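Going in written order, the chains are labelled A, B, C and D, and every chain counts its residues from 1.
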Amino acid sequence: MIRVGIVGGTGYTGVELLRLLALHPKVELAAITSRGNVGEKVADMFPNLRGYVDLVFSDPATADLQSCDVVFFATPNGIAMSAARELLDAGVRVIDLAADFRIQDLGVWSQWYGMTHASPDLVREAVYGLPELNREAIREARLLANPGCHVTAVTLGLLPLVKAGWVDASSLIADSKSGVSGAGRKAEIPTLMAEAGESFRAYAVGGHRHQPEICQTLNLVAGQSVGLTFVPHLVPMVRGIEATLYARLNAQAGDLQALFEHAYADEPFVDVLPPGSLPETRSVRGNNMCRLAIYRPQGGDTVVVSSVIDNLVKGASGQAVQNMNLMFGFPEDMGLRIVGLLP
Amino acid sequence: MIRVGIVGGTGYTGVELLRLLALHPKVELAAITSRGNVGEKVADMFPNLRGYVDLVFSDPATADLQSCDVVFFATPNGIAMSAARELLDAGVRVIDLAADFRIQDLGVWSQWYGMTHASPDLVREAVYGLPELNREAIREARLLANPGCHVTAVTLGLLPLVKAGWVDASSLIADSKSGVSGAGRKAEIPTLMAEAGESFRAYAVGGHRHQPEICQTLNLVAGQSVGLTFVPHLVPMVRGIEATLYARLNAQAGDLQALFEHAYADEPFVDVLPPGSLPETRSVRGNNMCRLAIYRPQGGDTVVVSSVIDNLVKGASGQAVQNMNLMFGFPEDMGLRIVGLLP
Amino acid sequence: MIRVGIVGGTGYTGVELLRLLALHPKVELAAITSRGNVGEKVADMFPNLRGYVDLVFSDPATADLQSCDVVFFATPNGIAMSAARELLDAGVRVIDLAADFRIQDLGVWSQWYGMTHASPDLVREAVYGLPELNREAIREARLLANPGCHVTAVTLGLLPLVKAGWVDASSLIADSKSGVSGAGRKAEIPTLMAEAGESFRAYAVGGHRHQPEICQTLNLVAGQSVGLTFVPHLVPMVRGIEATLYARLNAQAGDLQALFEHAYADEPFVDVLPPGSLPETRSVRGNNMCRLAIYRPQGGDTVVVSSVIDNLVKGASGQAVQNMNLMFGFPEDMGLRIVGLLP
Amino acid sequence: MIRVGIVGGTGYTGVELLRLLALHPKVELAAITSRGNVGEKVADMFPNLRGYVDLVFSDPATADLQSCDVVFFATPNGIAMSAARELLDAGVRVIDLAADFRIQDLGVWSQWYGMTHASPDLVREAVYGLPELNREAIREARLLANPGCHVTAVTLGLLPLVKAGWVDASSLIADSKSGVSGAGRKAEIPTLMAEAGESFRAYAVGGHRHQPEICQTLNLVAGQSVGLTFVPHLVPMVRGIEATLYARLNAQAGDLQALFEHAYADEPFVDVLPPGSLPETRSVRGNNMCRLAIYRPQGGDTVVVSSVIDNLVKGASGQAVQNMNLMFGFPEDMGLRIVGLLP
């Protein structure tokens, strides 16, 4: 058993971590903090946890996080970069679900996140928590940067193509669509149901923070700077991301289905569907799987990949638990054997 | 381990049974039948089951159901009444999720279901599977009639009041609202998303099959014939039932909150919320709980109860698994410790 | 042509007024105010108005409202009660879409709205704008109180029964359900799509401001104090209210269908459906109609009425335009001949 | 006044035609046919039409369509190709909302629609009803082929770029998303709300009938054969299409915003939004506008266009009425001055 703490547990990634950790056979939930809700029972805010989580929100200033084996930060960007060091120094491992440690280039990070980084040395140390890319490093990580939601869906869909060098990496296109829970549990007008319901639109077309994060990984794999146009959209549903990815095949390209099946053959949480399948976001609702299908319309030179995840699971808290399992030597799917909720 | 079969597995109660049974530690899924889909992999129809269920749909005529310990009927009404006997004779226990064995008065049954019953003797033998009412009988049942979805939400909300004799049982009102999965996985125009989405309406106001089923239980408990006006409504969402129940209190009425808390104190799947709570259907999404809140608006003589369930779990397949657990001496919540999916 | 002003035009009743007034043949939109958005084009906030409304939000302090013939207040409660007098004194007629002038009993008003009323004399003068009740007084009104949304659906459904004296008016029940636009365009967590989507719940069960407003009208008609249990619910959709109403019939009760058809025979915006109909909220989407159906389940002594409106049209801005038409001698349906949007 | 008939009025394009034509000042609705619903009142099937449409469905075999000035076919593909000739011979003009006359290359048509064409000569005569492309020809048309829904959104978004020759026309990408009403009013499982609700997926990735239709227009404008990858998606909402379009700019490319504003300066139903806008489908709900925004992310060589329409209005029935207006010399926006329903 490990003792687990959560900093900032009132958002959607917080409640989702609790859903997953409450039944994890190796986890003891030790503390969950929220500055604004000290003393409130977690299950009063999130009634789905009644009978599963008895914790009360505690003050981050006084919570006994240092006795934990691992602490998850489910906080807004810019919190963990300052608060992680004290825990790390105390021997606690840290998993950050925000973006503080995702981008190695601090100039790029500052440009997109509008802050100067408080702990550049920790950025250098942090391991990027995409198990399909970095499994061995994750096992040893003291500080883990959990990937973004759109990022996970897009990266897993492009990785084999870019790695194989079968596509023109200078003009990749990712048209990604997310349910509204991706915007977080924040009182804002654009994600009111009366605004976002029964409507569909793009957002951040001019530039989105997930673009440099995807490129960082693809550049590494390609050994060159890739070109990616990334357009996120808001879907009138609560959970789920579908990314449709387009790339132009080059002369090296071979059997695409085989490429993907081979690339992910041993992955517990990537499921390459049979040819002709159409992945639905609901097939992974509540579940940590990424499902992929690959197409070559009319046998032309454009490859299309459709990639679906649950933005709160493989796109956030589920992947964080997968990373925790790796870090502590548990079976990678422990606590994550959950059948998706369909319908 | 018990061997389990499912007859008619292509509807929503079928896939939901599979979701729950696939991870049940004492269950081996032996067979699932569907006349129209023989040879098709179950996980091809329901991709959320990929990696969890390897079964192929088999022909009900040839499937080896007789070697099962228990067989679930997830079929339309009128199938189990003919097909159950052969299994029972072979020593297989039967749980019917349809309505064939729910109503003891065969005249009433025929009037509402438009058929003559094929097995009146089995109706007499069948145990009505509401554990909160019938737990001991369920343990011994050979043939179990699993309750209807609206029925479960309404009955659990009215039971303590009627049992205590604190309300005028001659004019009970149940205003119940269900998500569209309650209508089943059938190709019909009224439940198309373009018809049922972004709209709300009552249905079957003149009379619905669940009304006599609720009354059968309440009559028994009241020791008299109750009067119930039951109006179901269709909500533009996939899962969930909320029933708002109204009754006029009589002079015997005492502390309503205490009455409910006492009545359900030992129930694993009924959760009486603290005073002032507002149960949401999403708090039980994917979960077998029924959550209740009790109000006495303006301290007047009308009691209001709000009762929520997931229509496919406590309203169908979850309750069926709860009943199976009782029938086979397993812990009542085995396989049902699942945190509701919120958001 | 009349000159029309709108105070507080950034909420849903404001944009809905603009939708209706932009094409009204007798209306010239003169001014629309919003303290927080001075100088912004209305059509930049509400792009559906591009090409139809050229106005810019102006400052309520300096806007030339006094040259208008009529000013609508689409403001939060408590604004019009102070601001209306100056306009009235200048000869401008005022239609308040908030609750400031709806309740004649100021003690009741203060209790529910948590304020002391600034203009008791104006409350006495105000005409309650339910045309089906008050048409002649509305024609002459200088100050009009536009009814609440749930109120309109419930009152129109109960009025004929209470007026006829055919029901026990001491225990009326109104189970009302509203889409999320009824909560207004306010940055609040409970109406985020990730909170209110795919879920259903009651709210304000202990007491809601619309209850005393409904009772005020029914008391008047009944000539006695009625008893009403009113429970509102939140539906995961944008627009629409359905109220299911229950009352116990007394010995005077006769042909219910005929009662309603007769009561509303000459009403342009109440549509009594044929027996057996099931009103859908979508049948009135964007439209000023209230559709009603009347049932007597199993021929018993309980009458059930289902009443649907669009909460933003007949429940707010459409009814306000209907009242304006009456006040200025225009055809009552001018600008309101709009076919509901189905699907 | 012209006399108008509708063949096949029980689908969504049929009821939408009725919504628009019922209030059109120059239209007298003469007949609406439906083989399966002869004698039924149209307003009983579509209650939003109560009070606006008194017609009864008549038999297509006996309906007096020949006395009409124009007949709309709102039928499945393959009906109008046989039935139109008799009407044309009688001097009736015909507008087909299906695909029978959209594709000039009959080989291509047969391949995608799986039929041999019954009237090749009529295909040659038919005018393709995209007013922004073909206005003058439409005025004179006897037989009009109304464009597909995805087609309209995609074509209007790509047309100026391809016409100007500013993009590499060999690798255009259209990622299009449609609400479920696009699938029609047909009893089918995949568009049940319990299947399509709260989920998102691509469909027809391997090839969709709208692809050759888009290419036919773009080829014409480009003067060469273009390459287009078109992937449609299903959005959990009722109405609306958003298409995100990607193309690689070439050296000729200039000011993109100016290009689009100039191209559509005189168009009543194309609205080029200011730079930085994000078109929402709800801004055109119930309305005939196509709204476009143009981006050049990070100033790179990829142009992104977001194009929104209401699939049932500009994507079907509204465009058909626009075409009718042109054909009969009415103002092009007659009957189409309707403010979109937001929220």
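Things to note:
Everything that follows uses one rule, which is that a contact is a pair of C-beta atoms (placed from the backbone, for glycine too) under 8 Å apart; a residue touches a chain by one contact, two chains touch by 3 or more.
Just so we're clear, the structure is a prediction, and the values are computed from it rather than from any experiment.
More inter-chain C-beta contacts link the pair A-D than the other of C-D and A-D. Repeated interface, listed pairs C-D, A-C or B-D, reference A-B: C-D, with more than half of the contact pairs matching by residue number. Here the CA centre of chain A is 45 Å from the CA centre of chain C. Separation between the centroids of chain A and chain D, computed from CA atoms only, is 39 Å. Spacing of chain C relative to chain D, judged by their CA centroids, is 36 angstrom.
Across the assembly, chain D contributes residues 12, 179, 181, 185, 194-195, 197-198, 236-239, 279-280, 282, 285, 343 that each touch 2 or more other chains. The touch graph of these protein chains is complete, with an edge between every pair of chains. Residue ranges on chain C touching chain B, taken from their complex, read 171, 173, 175, 177, 179, 194-195, 197-203, 205-207, 227, 229-231, 233, 235-240, 242, 244, 246, 248, 276, 278-282, 285, 293, 295, 297-298, 300-302, 304, 306, 308, 343. Contact residues of chain D toward chain B in the complex are 12, 179-181, 183, 185-189, 191-198, 236-238. By the touch criterion stated above, chain A contacts chain B in their complex at residues 12, 15, 18-19, 22-23, 46-52, 181, 185, 197-198, 238-239, 271, 273, 277, 279-280, 282-287, 289, 291, 312, 337-343.
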